[in-house]
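For clarity, chains are labelled A, B, C and D in written order, and residue numbers in each chain start from 1.
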Amino acid sequence: MYQFQCDYSEGAHPRIMQRLMETNLEQTVGYGMDEYCEQAREAVKKAVGCEDADVHFLVGGTQANATVISSVLRPYQGVICAATGHINVHETGAIEHSGHKVLALPAEKGLLKAAQIRQAMEEHLAEDGPEHTVQPGMVYISFSSEVGTVYSLEQLKEISAVCREYGLPLFIDGARMGYGLAAEGGDVRLEDIASLADVFYLGGTKQGALFGEAVVIVNDALKKDFRYNIKQNGGMLAKGRLLGIQFLTLFEDGLYFELSQHAVSLAMKIRDAFRAKGFAFLVDSPTNQQFPILDNETMERLSKDFRFSVWQKMDAGHTAVRFCTSWATRPEAVDALISAL
Amino acid sequence: MYQFQCDYSEGAHPRIMQRLMETNLEQTVGYGMDEYCEQAREAVKKAVGCEDADVHFLVGGTQANATVISSVLRPYQGVICAATGHINVHETGAIEHSGHKVLALPAEKGLLKAAQIRQAMEEHLAEDGPEHTVQPGMVYISFSSEVGTVYSLEQLKEISAVCREYGLPLFIDGARMGYGLAAEGGDVRLEDIASLADVFYLGGTKQGALFGEAVVIVNDALKKDFRYNIKQNGGMLAKGRLLGIQFLTLFEDGLYFELSQHAVSLAMKIRDAFRAKGFAFLVDSPTNQQFPILDNETMERLSKDFRFSVWQKMDAGHTAVRFCTSWATRPEAVDALISAL
Amino acid sequence: MYQFQCDYSEGAHPRIMQRLMETNLEQTVGYGMDEYCEQAREAVKKAVGCEDADVHFLVGGTQANATVISSVLRPYQGVICAATGHINVHETGAIEHSGHKVLALPAEKGLLKAAQIRQAMEEHLAEDGPEHTVQPGMVYISFSSEVGTVYSLEQLKEISAVCREYGLPLFIDGARMGYGLAAEGGDVRLEDIASLADVFYLGGTKQGALFGEAVVIVNDALKKDFRYNIKQNGGMLAKGRLLGIQFLTLFEDGLYFELSQHAVSLAMKIRDAFRAKGFAFLVDSPTNQQFPILDNETMERLSKDFRFSVWQKMDAGHTAVRFCTSWATRPEAVDALISAL
Amino acid sequence: MYQFQCDYSEGAHPRIMQRLMETNLEQTVGYGMDEYCEQAREAVKKAVGCEDADVHFLVGGTQANATVISSVLRPYQGVICAATGHINVHETGAIEHSGHKVLALPAEKGLLKAAQIRQAMEEHLAEDGPEHTVQPGMVYISFSSEVGTVYSLEQLKEISAVCREYGLPLFIDGARMGYGLAAEGGDVRLEDIASLADVFYLGGTKQGALFGEAVVIVNDALKKDFRYNIKQNGGMLAKGRLLGIQFLTLFEDGLYFELSQHAVSLAMKIRDAFRAKGFAFLVDSPTNQQFPILDNETMERLSKDFRFSVWQKMDAGHTAVRFCTSWATRPEAVDALISAL
C-alpha cells in the first residue's frame, strides 16, 4: 500500500533523528532557552534574511495560529481570511475560542485578493456606527494555500501594500511554506515573505520534522512579551531543545529547501501523469498537493494499492481526491502510481 | 421632521412611565428578586402559555443573545445562524468574544430553512475527523427577522423538528417578537413559539419599554444556574424591579400585543402607499420594517421631512431604505409620509 | 419597616424621574450619540476638571469593570486588586470570564498599599522565567471601598506614583465615588481622582440614578475604540439618552455631590449612635456604609423594625452587620433607628 | 557540572528513542488514531486498572490542565486548587484565559484538605445570592505536589468523598505521578488514583518521555467529545503516534514505575545526606524533589559543581533550594553531591 493521503504520515528526516539520538542525554535548560534553540533561531533568521526578527518555536499549526492571532488582535477585532483558510474550517474554532471572529471572504482557488481586503475595510469604515460590527484587525493568508495554490510575488506585494495602508498586520500561515516556495513557476522567495509579512511561520510538521512550527515576527510592534502568549496557550515545550535541534538541522544548510523541492518535483510527475491521461483537476496546483477528479471506476481501482484523501464529491460519477507528496515520498511510490494509471 | 429610522427613538409607553413614577420611592430588594419581577414573570408565563418556563429579565438584546448562547454551548460548539442574523453582523462579535463560532448559513430574505440545518449537521457528521471542525450546538433564528420577514407556523415546525432530531436547542431572538406575531398574514402565536423553541426572548426595548428583554427558558435542561450566567455577563440589573415593572405593564393585560398591532398596521399603510406608487421593495415584509427601493430623486425629496435608514445601495440610481414604525409612531406621521409620496 | 440593607433599594431621585417624563416622547438617535448624552459628557468632564477625558455611559458596575479591564489588558496580563475587591469576590468571575486573572493581594480594611503593588511587580520581574506567571497589567482599587473606607490623598498619590513608575494603568471603581468624596475627614476631591487615575467611573446606580455608571478615560492611550468594547460586552444601551439624561441631571449643578453628602451625614449619625452605646465596629468607616458588631439580642431586636445586611459572623454571640444610607434615606428613618438603640 | 535543577533536562529514555528510530519511516494515520496510540491506550488502561476509561495523549502539562479544566466547567464555575498549585502560579493564567477563576485555598505543604473543600462549598452555598460569586465546579490537586509531597490514601479518600458528596469532579495533575506513587512511605497505588479521581493524567515529560501527558478520563460524564477540546486547544499532535510510541514503551512492561523508583531512591540518598549534615528542609518530601535550606557559604560552594534551583529566600543567610532527581539521574552524580557535602 502506497500512502499519499497526507504529508505527515512518517516521522522525521533521518538527519533529524540522528541528531536527536546523539544529543539525547545532554542536559540543557528548558523552554527554548538552550543553545540548540539559540543556534536554530540564528539559522532561521539567516534563511529569512532578517537579522532583527524574533523567532519562536511552537509545537503545532493550530497552536501557532491561535497564539499569533490572539496576540495581535484587540478584543473587538477579527481576522480577515479566505473562506477556505485553515483557521476558518479545520481548527475547531480555536480562533473564536480565543475571542475573535474569523472574517471569512470568498476565495477563488484558496487565495485572497488585495481588492477584497480593501473592500472589507472600506465597508467597515463606511458603517453608520462601525462599533456595532467586528473591526478587521489583521489579515491571514496561507502559503502555499490549503488547496496547494500559491500567490505570485506581485499578488503578495499588493496584499501587503493594502495591509500597510490600513494598518492591518499580515500573517502568513506557512505550514507548507517550503512547498509553496518550491512551487513550479513560483516567483516568491523566503526573503520576500519576510519583507512583506509582519509575522509568519515556517512549518516543520509537514516538512521533515517530527513536529514544530517556527514563528518569525518581523514587525517590532508585535514582538513584545510573545513568550507569555506561548506559555498561556500551552505551547511552551518543556524540552524546547527538541524544536531547536530539528529546526537547526532543517535550516543550517538548506535541508528544508531540498526536501521541499523533492516533494514538489514528485507531485509534478503525478500531475503530469493524470493530465496525460486526460483527468481534470479541482484546482491547478503547482505544489505538493494534487487534486485530480476521478471517475468512480478509477477511484476504486487506485484505492486498492494507493491511499489518498477524498476531497469533494463533484457529481454522481466523479470525485475530487487529494494526492500529497512530502519530503518522505519515495520515487518508487510515484512510479507505481503512474504505472497504475 | 418625522422619524422612521428605527424603532427605539422614544422612551417608554406612558403607562410604563406612570408606573415607574408611582413606585419610585418604594423600597425593594435588588437583582430581580422583588415582587414586581415575580408578578411580571407570572404574567409572561401566562402569556406564553407555559407555566413551567423560567423567565429572566435582561437589559438589552446583545447581552441577552450572548448570555443565552454561551450558557447553552459547550466550548467547541458553534451556533447555526442566518448570515443576516443579528449575532453574525451587528453585535461586534459578542458571540465569538464568548468563545463560540457563529456558523452562518446563506439566508433567503433573512430566514433559515430546516433543510439547511439538516445539511449543516450531516456535513459535520460526515467529516473524516469531525473534531477538527466546529460542532453545531444550537440554532439561532430571529422572529421577526432583521429584514422584517417572519416564518410561517409550518416553517417553524419544520425547523423545530430538525433541531429536536439532532439534539440542537432552538433559540429565537425576539427583539421584535411582538411585531412578528402581529405580521400581516402570519399564523404564528406566542404559544407556538413557546412550544417549538427551547429558549427565546420577548423584546421590550423596541416594543414599548425603556429597555429590557424577557428571556424565557422552556427546555428544563437549559434552566440550571442561569442567574450565574446573567451576573457573569454583566446583565444583572441592581434595581431589577425596573424590568419587572415594565414587563408587568406590558403583559398583564395585553398591552404588548396592542402596541405591536399598532405598529404593524401603520407599516402596512406605508407599504401600500409605496406599492401604489410603483416602488419595488428589497424584501416583502409583513411587519414594522419596510424596505422600499427609492430612486435618488425620491430619496432626496423625502429626506427633507422624514428620517429613515439607508440600507443597501442597489445601483447608481437606486437605494433600498428602511422605514420603521413602532408602538410610538403617530398616525399623523404616517399620513404625512403618504401625502409626501 | 425601615430599610438600610443596601444603597439601591429605591428608584431615582425625583428630578431624574421628572426629566425622564418630560423627554419621554422626544425622538433621539440611539446608542449614546444623542444630545443629552453629549451634554452629560460635558457636565461630567467639567465636574472632574478634565476637558480631554473621554466619557462613556454604561448600565452597571460589573459590566463597567469587565469592559474597562478587558479593554486595558493584554491577554497574558492580570489586574492587581485587594482581596476584598468587588471584581475578586462579587462579580461571578466576570474578569476571568474575559480571560484575565485577578491578582488579589491581602487588604487591610479594604485598601491596597503602594508598597504592595511595588512588591508584586518586583516579585514578578525577579522570576526566573517571568513568562510562566501572569504579568500584572493594571491596578484596580475602589473608592470608597467595599467596606466603606477611603484612601487619603497621600495614599492615592503614592499608589498612582508606583503605578506610573511600572507602567500600570490605575483604574478606580467609583460605584460609590460620591460617598467616598464626601467621607468624613477625607481630603480627596474629584479632580484628584481624575489626575491620579488613568480611568475611573462615577457610579449612578447607588448614587441617585435608576442605573448607570459614567466611565471616564483620562489616559489617551486607553481611549481608542472604547465604544467597540462597550458594544461587544453588551453594554451599549439602545436608548442611550436614558443614561445621558440621568447623568446630566446629577452633574449639571452639583446634585451628585449634594446627595452624597446627605447619605454620609446620616451615616455619621448612625455611627455616632452605635459608638455612644459602646458597640465596636468591624471597620472604621467614614462613608455611607457602617459595620457595627451586634450581640445576638440587639441583632434580633433591631431586625424587627429595621432591615440590614448580615456581613460577618464574629463569634457565637456577635455578628458584624451593615447599615447603608443612600441619597434616598429619610432622616426619620435614621431617627427611628437611633431611638431604637 | 552535575545538573539537579529540574526533571526535564535530558531527552527520553533510550528504549523510547530506539523505538522512535525503528518506526520512523512507517506510515501511519495522524491525530492519535494510529495503531501505536491504540496499543498505548490499552497499556495505560491496564496499568490504571480501568478498562472503561478514555485515554488521550497530549503534548504538555499546561495544555493538559487547561484542556481538561475548560472541558469540565460551566462558564460561571471555577476550580478549587491549593494556592501552590501549578495552575494557580506557573501557567501564565491559562485557566483564566479559558474563562475560569482559580479558587485558590491556602495549602499546607502543597496539599489541600477535604475539610477545606467542604468549607469552600458551604460558604458558597450559604451566600445570600450565590450567583454573585463564582461557583466551585471541580477540584484540582497534584500528585506528587509542586513541593514533592504526597497525599496518603486516607487523605485522598476523604477528598474524593467530599467531592462526590458535592458533585465536584476531582482532577489529579500527575505531571509527576510516577514519582508520587514511588514516594517513600506512600500508600497510594495507581489503581487508587483511578478509582478516586474523575480524571487525571500520567506525566511523561518529567518521567522518561521526550514529551507527553496521558489524560485518563474515568467518569463517563466527562468523556463526551473530548477530542474536540483537544483540537480546539491546540493539543492534537499531527503525528500522534509519537505520543503512542512513547507511552506504549513506558507502560507495556512497567518501565514507567521502574524509572520513578530509580529517581526517588536517589532523592532519598540526597535527603539523607543533607539530614545527616544537619540541614533543615523547607518541606519534608518523600519524592524526587528535595528542598534543603542552605547557608550562603554552602550554597556558594555547591553551586560550583552542581546546578540546582533557588526556591525561596528564608533570611539573609539562608535559602531554600531544590535538588531534583529524575529517571535520567546517574548514581555517580548523586555520589559526587554527597561527597561534596
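The rule is simple: a contact is a pair of C-beta atoms (placed from the backbone, for glycine too) under 8 Å apart; a residue touches a chain by one contact, two chains touch by 3 or more.
Just so it is clear, the model here is predicted, and its values are computed rather than measured.
Residue numbering shows that chain B and chain C use the same positions for more than half of their mutual interface. When you average the Cα atoms of each chain and compare centres, the chain farthest from chain B turns out to be D.
To find the repeat of B-D among A-C, C-D or A-B, check which pair has over half of the same contact pairs by residue number; it is A-C.
Mean C-alpha positions place chain A and chain B at a centre distance of 42 Å. Put simply, the C-alpha centre of chain A and that of chain D have 34 angstrom between them. Centres computed as Cα averages put chain A at a distance of 49 Å from chain C. Annotation for chain D: residues 75-76, 91-93, 97-99, 131-132, 228, 231-232, 236 touch two or more other chains. If touching chains are joined by edges, the resulting network of the protein chains shown connects every chain directly with every other.
On the chain A side of its complex with chain C, the touching residues are 31, 70-71, 74-76, 98-99, 129-132, 135, 225, 227-232, 236. Listed in rising order, the residues of chain C touching chain B in the complex are 3, 5-6, 8-12, 14, 17, 20-21, 23-30, 59-63, 66-67, 91-94, 97, 205-206, 210-211, 228, 231-239, 242, 328. By the touch criterion stated above, chain D contacts chain C in their complex at residues 75-76, 78, 89-93, 96-102, 128, 131-134, 309-310.
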